[in-house]
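Each in structure tokens, the structures are laid out below.
Paired with subunit B in one complex and with subunit C in the other, subunit A is shared by the two complexes that follow.
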Partner chain A sequence: MTTPPIVTLSDDQRDCYQELTNVAMGQAADRLARLLDSYVVLPIPKVNLIEISDLRMAIEGAQEEDAVSAVCQGFIGSGIAGEALMLFNDTSFTDLARLTNYPGELTHQAQLEILMDVSSLLIGACIQGIGEQLEIHFNQGHPVVLGQHCNVNDILNVSNQKWRRTLAIEIHYTMEAVNVDCDLLLLFTEDSVLRLNHVIDFLLD
Partner chain B sequence: MATNILICDDSSFARKQMARAIPTGWDVEVHFATDGVEGVQAIREGRGEVVFLDLTMPNMDGYGVLETIRKEDLPAMVIVVSGDIQPDAQERVMGLGAMAFVKKPIDAAKAEAVLTEYGIMTRA
Partner chain C sequence: MTNPNIDLGDIHWLMDILQNIDVGLVVLDKEYNIQLWNGFMDSHSGISPQNAKGENLFTLFPDIPEAWFRKKAEPVFQLKTRTFTIWEQRPYLFHFKNYRPITGRATFMYQNTAIIPLESIDRQIHHICVIIYDVTDAALGKEEAHKLGVEINKLTRVDPETGLMTTDAWHEEISRELARVHRSEMPSCIALLDHSQLAIDADALKKAYALLARSLRQTDLACVPQSGQVAVLLPASDEGDVRFFAERIRKTIGRQIPEFRNHTRIGIARALDTFNNANEWLQAVDAACTAAANTDDHLQIHTPDS
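After this line comes the complex of A and B, so read on.
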């Protein structure tokens, strides 16, 4: 067995990832804002190399005791692969249902539909936004529901057994005057980070 | 005389990208600021006749810069270059006196288009 190369992240690289994400999440937020007719507050995205065991700490929006619902969706292109993980605080669904004019009662099934719709929109726009800037076309897998009304720790336990150290980009979306709180995490495999860093270095040159 | 251009963005990558997008053959002197506070200072000192301004920045954001320019009646033509492209953000900056709004990522074609459209660029 060969030792995997050490993945590192310089300040310039981190800055570049942040800026690329900033642009991509702006495009995603724009689509969400138009769908919900509300203003999405854009944070500064957090870019870190983390141990998978520390993933819980990377998630800002959901508190330990909160019930969350989550979706993940894989993406791959030009030898770069990763997972997008979308976590919603369950208190978000009442307002999301209202703003999307969801008809009828807010049942478990209704929440599932809203969860899938909003996740696909945000994940898709973000992944494509980053891809466009890097001139990589990402193919997206099917979104998978990791759980509804669960504890954050339970979600993370099922979703991440694969890698140890990963590049994590975290975007914590909130909305102005509306109770919508969600986290989008982009996690890249270790091999992918090495390739991504190459592309980034080219941009920085 | 060279036009003083200020690029105000907290990301060094974004500043570099913006600097590269400035049309060649335009007689300019390029200055940089890494947040709104530095940006306002540079404009007060005459280093920002034309400002390329980011919105999301620490210390003072782009909205704060626009408000200060208005309040102090500073001589600056501001082009907002932003990743936040929501309709509300665009309306808000135009309401605060920005001359134009350009969506990130910026490139030479977009920069040239906006500079020409508003008659800002004068070729040497």
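After this line comes the complex of A and C, so read on.
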């Protein structure tokens, strides 16, 4: 197997990714706001080429010392594949439970439901939003819960780290007046980035 | 989305695929009435498409928790988004038998489901499709791995000499418990039983530990911090509960080793908000245990001023 060429990103391409994500994310935030009936602060997505060590730092930076729960979901369409990684700070659960109307005790089970509900919505909306703009129909795999309340290292050790450098879109969601704090990371495979860049260049022309 | 690959004449064999594909497909309208019920659903439920069509999902399957399912399906109607459920949330949506009724280990079929919006000609969502996947093998494999993990964890946490928890593991637990106490109002105590001045032979001691282990609640954790001492962490218990518990232990073990009953010193310390770390908690219980030597019943409860 030949190794794909190292991924690069021009300034124009980066701006284009950011704009694409902005639109998709706006839709996602709108859905989240409607589900939770609460104002969602629209974040600015960060588009970066990252190495595996950066991914570790990005996640660690986002979730300092607190326990993290994560959901990941693969997506693929027109030869473009990647994974969405949704990270929740465990302190978010109390408020999320209230907003999503999960009455009663915040059991492991209730947390799992919240995790699935919110991540389904955000990941789905984001991927579909990006797909619609690029005219790509993305298929989504089933979400996988990567162990609740575990350390960041445990999450990353799960994945087989075969890639070197790839495109990451990071979106940090916060909500007004409530303590909800989650990160959505869209990670594309190396070969997908080459194809994506191609599509983007077409849009830019 | 219209697919240019499909002709009207192809509908016939497309229906064949729909019927034979080994995935459950159910189309529901906004009132949750069944509009499509494929071969998979027919075979596993024993309800024919003729009988299923038009029936309400929740009337036909009263064991499906309506509120729960609506919560997953409503966003699909309203927000045109896909939602998913995984077996970890609920092992199944429809209670079907395991596909391998003879050699399979599970009695039912574990299911993942995807709920997708179906757009009508007017671009509105009047129907949704529930796709049911059989994930029994994956689920059993994962549950098995989890069980083994728990077992291994248990093995590394138990000291073979005493049959109680290893000191390291116990220290980890009290740190965690202290952090939990800081977050919640629930009291939590450590009891320290000191019998270092008694000469108890190893065999008798081992029996005593076994007796102790049997008297513990599932959440109580005991270890031997140093020879001549036994420490027990009792979550969700106040000083009164723990006093009662410790005296009972002293009595129980005292039946086997009479001198244990009258000469074992007991110190009890409750986790306080002022403790910065587990060591301060341990020092408090140590101090109480030392002070217990001067009390009539050889038992001392730590108070913040003492």
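Quick notes on this one:
Basically, the second predicted complex is superposed on the first by the 195 of 205 C-alpha atoms of A that agree within 3 Å, B and C clash if a C-alpha of one lies under 4 Å from a C-alpha of the other, contacts with A are read in each partner's own complex, and residues count from 1 in each chain.
What we mean here is this: a contact is a pair of C-beta atoms (placed from the backbone, for glycine too) under 8 Å apart; a residue touches a chain by one contact, two chains touch by 3 or more.
Just so we're clear, the structure is a prediction, and the values are computed from it rather than from any experiment.
By the touch criterion defined above, A:44 reaches subunit B but does not reach subunit C. In the overlay built on the shared chain, the residue A:34 is in contact with subunit B and with subunit C.
Legend: residue contacts after superposition of the two complexes on their common chain; A:112 is shown touching subunit C, with no touch to subunit B. Contacts of A:128 after superposition on the shared chain: subunit C is touched, whereas subunit B is not.
After overlaying the two complexes on the shared chain, residue contacts for A:198 are found with neither subunit B nor subunit C.
The residues of subunit A shared by its contacts with subunit B and with subunit C are 34. Chain contact summary for the complex, subunit B toward subunit A: residues 11-14, 16-17, 56, 58, 82-89, 104-105.
On the subunit C side of its complex with subunit A, the touching residues are 1, 71-72, 75, 78-79, 81-86, 88-89, 112, 114, 133.
Against subunit C, in their complex, subunit A makes its touches with residues 31, 34-35, 73, 109, 112-113, 116-117, 120-121, 124-125, 128, 137, 140, 142-145. By the touch criterion stated above, subunit A contacts subunit B in their complex at residues 12, 15-16, 18-19, 22-23, 25-27, 29-30, 33-34, 39-40, 42, 44, 133, 203-204.
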